[in-house]
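Across the two complexes that follow, chain A remains constant while its partner is chain B and subsequently chain C.
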Partner chain A sequence: MAQTPTTGAAAETFRPIAPRPPPSSAVGPLRWARDNLFSSPLNVILTLIGLYLVWLIVPGVIDWAILSADFTGSTRDDCPSDGACWVFILQRLDFFIYGFYPDAERWRVDVMFLMLAAVLVPQFIPGFPARGRTWLGIFGLTLYPVITGVLLLGGLFGLPFIETGKWGGLMLTLVLSYVGIVAALPIGILLALGRRSSMPVIRTICVIFIELWRGVPLISVLFMASVMLPLFLPEGVNFDKLLRALIGIVMFQSAYMAEVIRGGLQGIPKGQYEAASALGLGYWRSTALIILPQALKMVIPGIVNTFIALFKDTTLVLIIGLFDILGTVQAAIVDPAWGRVAVEGYVFAAFCFWVFCFGMSRYSQGLEKKLHTGHKR
Partner chain B sequence: MTEIDTLQDANGLSERRPVEHQVGAEAMIQITDMNKWFGSFHVLRDITLTVHKGERIVVCGPSGSGKSTMIRCINRLEEHQAGSIVVDGIELTEDIKKIDMIRREVGMVFQHFNLFPHLSVLENCVLAPIWVRKEPRRQAEERAMALLERVKIPEQAKKYPGQLSGGQQQRVAIARALCMNPKLMLFDEPTSALDPEMIKEVLDVMVQLAESGMTMVCVTHEMGFAKTVADRVVFMDDGQIVEQAPPSTFFTNPTSDRTKLFLSQILKH
Partner chain C sequence: MAEPAVPAPPQGPAPWRNPRVRAVAFQVVALLLLLWFFWTIFNNTLTNMESRGITTGFGFLDNTAGFGILFSLIPYDETNTYGRTFVVGLLNTLLVSGLGILFATIIGFILGIARLSPNWLIGKMALVYIEITRNIPLLLQIFFWYFAVLRTVPGPRESVEFPLGAFLNNRGLYVPAPQVESSFWFVVATFGAAIVGAVALLRWAKNRQDTTGRRFPAWPVSLAMVVGLPLLVFWIIGAPLTWDIPELKGFNFKGGMRLIPEFIALWLALTLYTASFIGEIVRSGIQAVSHGQTEASQALGLKRGQSLRLIVIPQAMRIIIPPLTSQYLNLTKNSSLATAIGYPDLVSVFMGTSLNQTGQAVEIVAMTMAVYVAISLTISLLMNLYNRAVALKER
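Let's look at the complex of A and B:
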């Protein structure tokens, strides 16, 4: 009765009902287990099978990797047990990290690692000042590759020259993927913008470039870079094999990146372009200030996906005679002095890749959360 | 008359007197024999319209009549193919410099607000003054805050558009356009995407803007607003201007039978 509009008498005051917490039967771990693990007969069976598999696999892995594993010593003889022979990894760690880089100059690689950590770690610390984070990021994308290139290559400032054929291991993997990531993103952005350009010439060039590089496997790109390209170059002109591989990787990945970013550009409503135009912002300003920030944010998962694929694809340089971390592991496990250590080697290589790829994945999730500006769900 | 009064009541504008102001003799917009096609479809036909400085024009008409397209031609969001449009003494041609000059002087408010969702309210407002007008950030922010005050949402300055209601977003959009100190404001159905409760808060801001003497061209279905604020109502159908008259004449004594039909349709409820 009170809900119906009153005509003559005074209207009743509307009082909103205060929010209450949900009943205790709707929350808590037991409730969670019932909802997610034992909600139906099929679910119960699947849960039990899952638990059985865990019981089957996990103890064996733990036993092999930790409980019966050997950690100390210096030769094969220090690995008498059935478990993993981590001694091998520890003994050859320098090789896995530095490749054939001369012992005396390895501090240069260490400086590269330290600078990389200085750039990356603050990006993961929530409390770090935003401005410092931005400047470190800019440094990481611009000056850092240049400084590192000079430092690693040497031949300047009294540093002995170290040819790129001696680079290897984790250091080579990081150089390839870092340069690949840092160069592929801006080139990919330009290609994506070019593909959506209203100028037919630019659009055609970008379409041809993208489709060409996307249409061939990375292995053939690397082969072309390492074997074919020198045949076409005039005699006496010869540039570094690593550089050729890098250019190949960058071109290849930027084509993929361009398509990911184009997806984001297409997701921007027309109204955003119109609002930017109506305010008098020209093409480059509206692209840089309005369109790209939104488009890139939208495709962070796709971009990071491409980065992760790139990181792992760098192992393909093995076929043109460059030893990345997997290459060094493969070279080391055939050493007869160590016997059968292939599993340990591959597990170690896989772990290294996983650490970096998982880091990238976590970073992208954090970034997405940070850049979310709408209603929190 | 009574029908119109009822409409005004819905938006709470009926208490206001028609806004007193001065209309200048100079033309702010001069559209002459303008035609536009989308492909082979002739959307705008022989449009001729003059808007004087300080004048407030309300453009109405059924959907698909070309009113939005016409208003979007004024700042070249749409390109016209024949005839001429002169805004503030500058003729709109393909010359991108002239287009940018005009866009700097012409503010626009859209039906769907089109705020930049990745920037806070304040950043939305200061972006164009800083990057287009090259104003120092401090100065731009001070003016933006003053304008947010004027549209009655200074407390939302640090929030993002996604956290605001539709009416608040549209008021931010108005403030954002005003931050460029425009000589002319274009409104393209500013209240059509809003809940009834929010229409009034946006219309209030628009009335207040009209009182300040701004030259305005509004495409809107808010007839109450037209009655209170407009100097002239332009009625469009089928890509042409059917009739234009001061609201008093337009609503009570329309000449064209098409206008009469339109008015009888919208004033029925």
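Let's look at the complex of A and C:
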């Protein structure tokens, strides 16, 4: 048996004394504070300035938003305190979510929200079967917009027709950004392929299209869509305001999408193209089966980032007279019955956008980390 | 034995299978479709404009505009032409974007460096600031500053007083206006000369160090030159600069310079929003410089400051420049949100009011878009030149 050799029966076994805990100056919060807050004279000054700023801002904000805010009631008179009047937000919440959509038909919007959640949530659950995720994603990109379009607009299957002028609030923001991204994706793919094409005419057309839309502000695109589109169409043909805004947004967004996808296409090594043609695949088949699946996967974070930008940019439609979340808030805060509630309204709208955008940016950062295969320290 | 049959020379594919032929055909079809598309649009537009009685051409630029503009850098009144409203709008756009770019860059670099600070509190504060501002739409921030802050400050009599004689009230921000005498230009000239001299001194010092290895304290000396010489001249010729400080006279302020609230709200929102993006760009640029570089510079015995200045920053700049350029472009394009609060920028004055009055949508939209494309191209050209200067010189 392999045991520790002993010199004799009398030899005592070696018993180390348990290590003493390190001095309190080497571990624990004190050490942490010394390393991270007070490591040099400059850092001491910076920390003190930082603490002063925190003390200046945080208690005031907490007091305004929570401690002395009013949450219950139904009118302005229920907000006697100096704090925030959240009663206003709670009372007008339906307006901020559904806009002018008729009360009796709001279940249609709720169905849209639920279906959206059913499509999106499984994408974030790691344990969900991959095949199901793919099918849900395909459903979300193809059938879902059609179904919700029919559902929201009505006029078919006995659903009353709801004109788009009545759409508004969070629902309109989601419609604009979802349609914007779903329609911009295929156009963007075609543009990106065209920009990398070996045919000079196609390439030139794509480059001019992309650079032109990227060079102008979205607001001028929206103006153009609402003022010039009617001029371009034959007499008698007219789109409604929402559709015109959507066309403008999709054109604008597809140019940005094209640049993101081009980044992915450039990242595919040449061997993949050569291997595809060695297998006898033609341009479209090698693009669809070999190149795009790899390229699109690489640029998912970029696509999510474009989507965040688009989501924030949908607020611009209020300038051409559509009521997205910000538009409904803007309309509600001028109501004289509520007095000064501008700050509450903006904070609410900001919170809505922040939750969506922050969530999405965290998601895309997580993906980037997952896809990042280089070494990092 | 029969001679083996000579194989027929390989024939090329049939013309409709030949990639070259197909490419040409495809491009011709695409071109024809495009021409047809534009021709249809052109025709439709002409008929539509005729039926609505809209004139065409750029003649309207010489007509009298007949509307006032809130804020203008050049003299303007209602009797001026649409051409002049275009220039006024363009200058206002350039003013707010230029100032926005300047301050967003400064704040952005501070934020980016603060994010990497070894000080935990400072790093986290910068993080919180960045995550809040960049995830809230810019238009919402503009509205917040304009409607919730600047429109609710008290009237002139209860103005908020700032140090150095600045006053904020619901009519805008009143700041002291510099009143220069003609001899002040000597000071400016000295300042210019000092900068030229300092650049020459720095070059000479670098050359000398490169060739002989001897150093010269060029930075302190040139700094002293740039700051000291103009001050000396200023003092010698008897301080030819006075400040016109705004004063409350009756119901309003007299004197000083008035910045309208629309301008402040737009400028503030643009600056704070873009600064958070620039902060992240700076942070990721600095972090992207490989650790081997900093370790090598430490091994060479460089101090932390030297290693930052000589090793890390020059390499980080290469990564920072391209995304920084697109942020500058974004800021310039975003300045068109001025329309929403009524700051008279190009889109608001020209694409808004002028278009409504003349109805000449095609010309006005084309002119406005051309201006933005031109600005975009200019900024990217300048930044590309700078980028080429700092880019990696391959052997």
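The rule is simple: the second predicted complex is superposed on the first by the 294 of 377 C-alpha atoms of A that agree within 3 Å, B and C clash if a C-alpha of one lies under 4 Å from a C-alpha of the other, contacts with A are read in each partner's own complex, and residues count from 1 in each chain.
In this section, contacts are C-beta pairs under 8 Å (C-beta built on N, C-alpha and C of every residue); 3 or more make two chains touch, one makes a residue touch a chain.
Everything quoted here is computed from the prediction, not taken from an experiment.
Shared-chain residue A:K297: touches chain B; no touch with chain C.
In the superposition on chain A, contact is made by A:E274 with chain B only, not with chain C. Look at A:L289: by the touch rule set out above, it reaches chain B but stays clear of chain C. Looking at the shared chain after the overlay, A:A349 reaches chain C, while chain B stays out of its contact range. Look at A:V121: by the touch rule set out above, it reaches neither chain B nor chain C.
In the superposed model, A:I138 lies in contact with neither chain B nor chain C. Applying the stated contact rule after C-alpha superposition, one finds that A:L53 touches chain C and leaves chain B untouched.
The partner that reaches more residues of chain A, of the two candidates chain B and chain C, is C. Contact residues on chain A toward chain B in their complex (touch as defined above): 269, 271-272, 274-282, 285, 289-290, 293-294, 297, 371, 373-375.
Taken in their complex, chain A has these residues touching chain C: 36-37, 39, 43, 46-47, 50-51, 53-54, 198-202, 205, 211-212, 214-220, 223-224, 227-228, 230-235, 308, 312-313, 315-316, 318-319, 326, 330, 333, 340, 342-343, 346, 349-350, 353-354, 357-358, 361, 377. Chain C makes touch with chain A in their complex at residues 23, 26-27, 30-31, 34, 41, 44-45, 47-49, 51, 117-122, 125, 131-132, 135-140, 143-144, 147-148, 152, 291, 333-334, 336-337, 339-340, 347, 351, 355, 361-362, 365, 368-369, 372-373, 376-377. Within the complex, the chain B residues that touch chain A are 75, 77, 96, 100, 103-104, 106-108, 110, 112, 114-118, 127-128, 131-132, 160-163, 176-177, 180.
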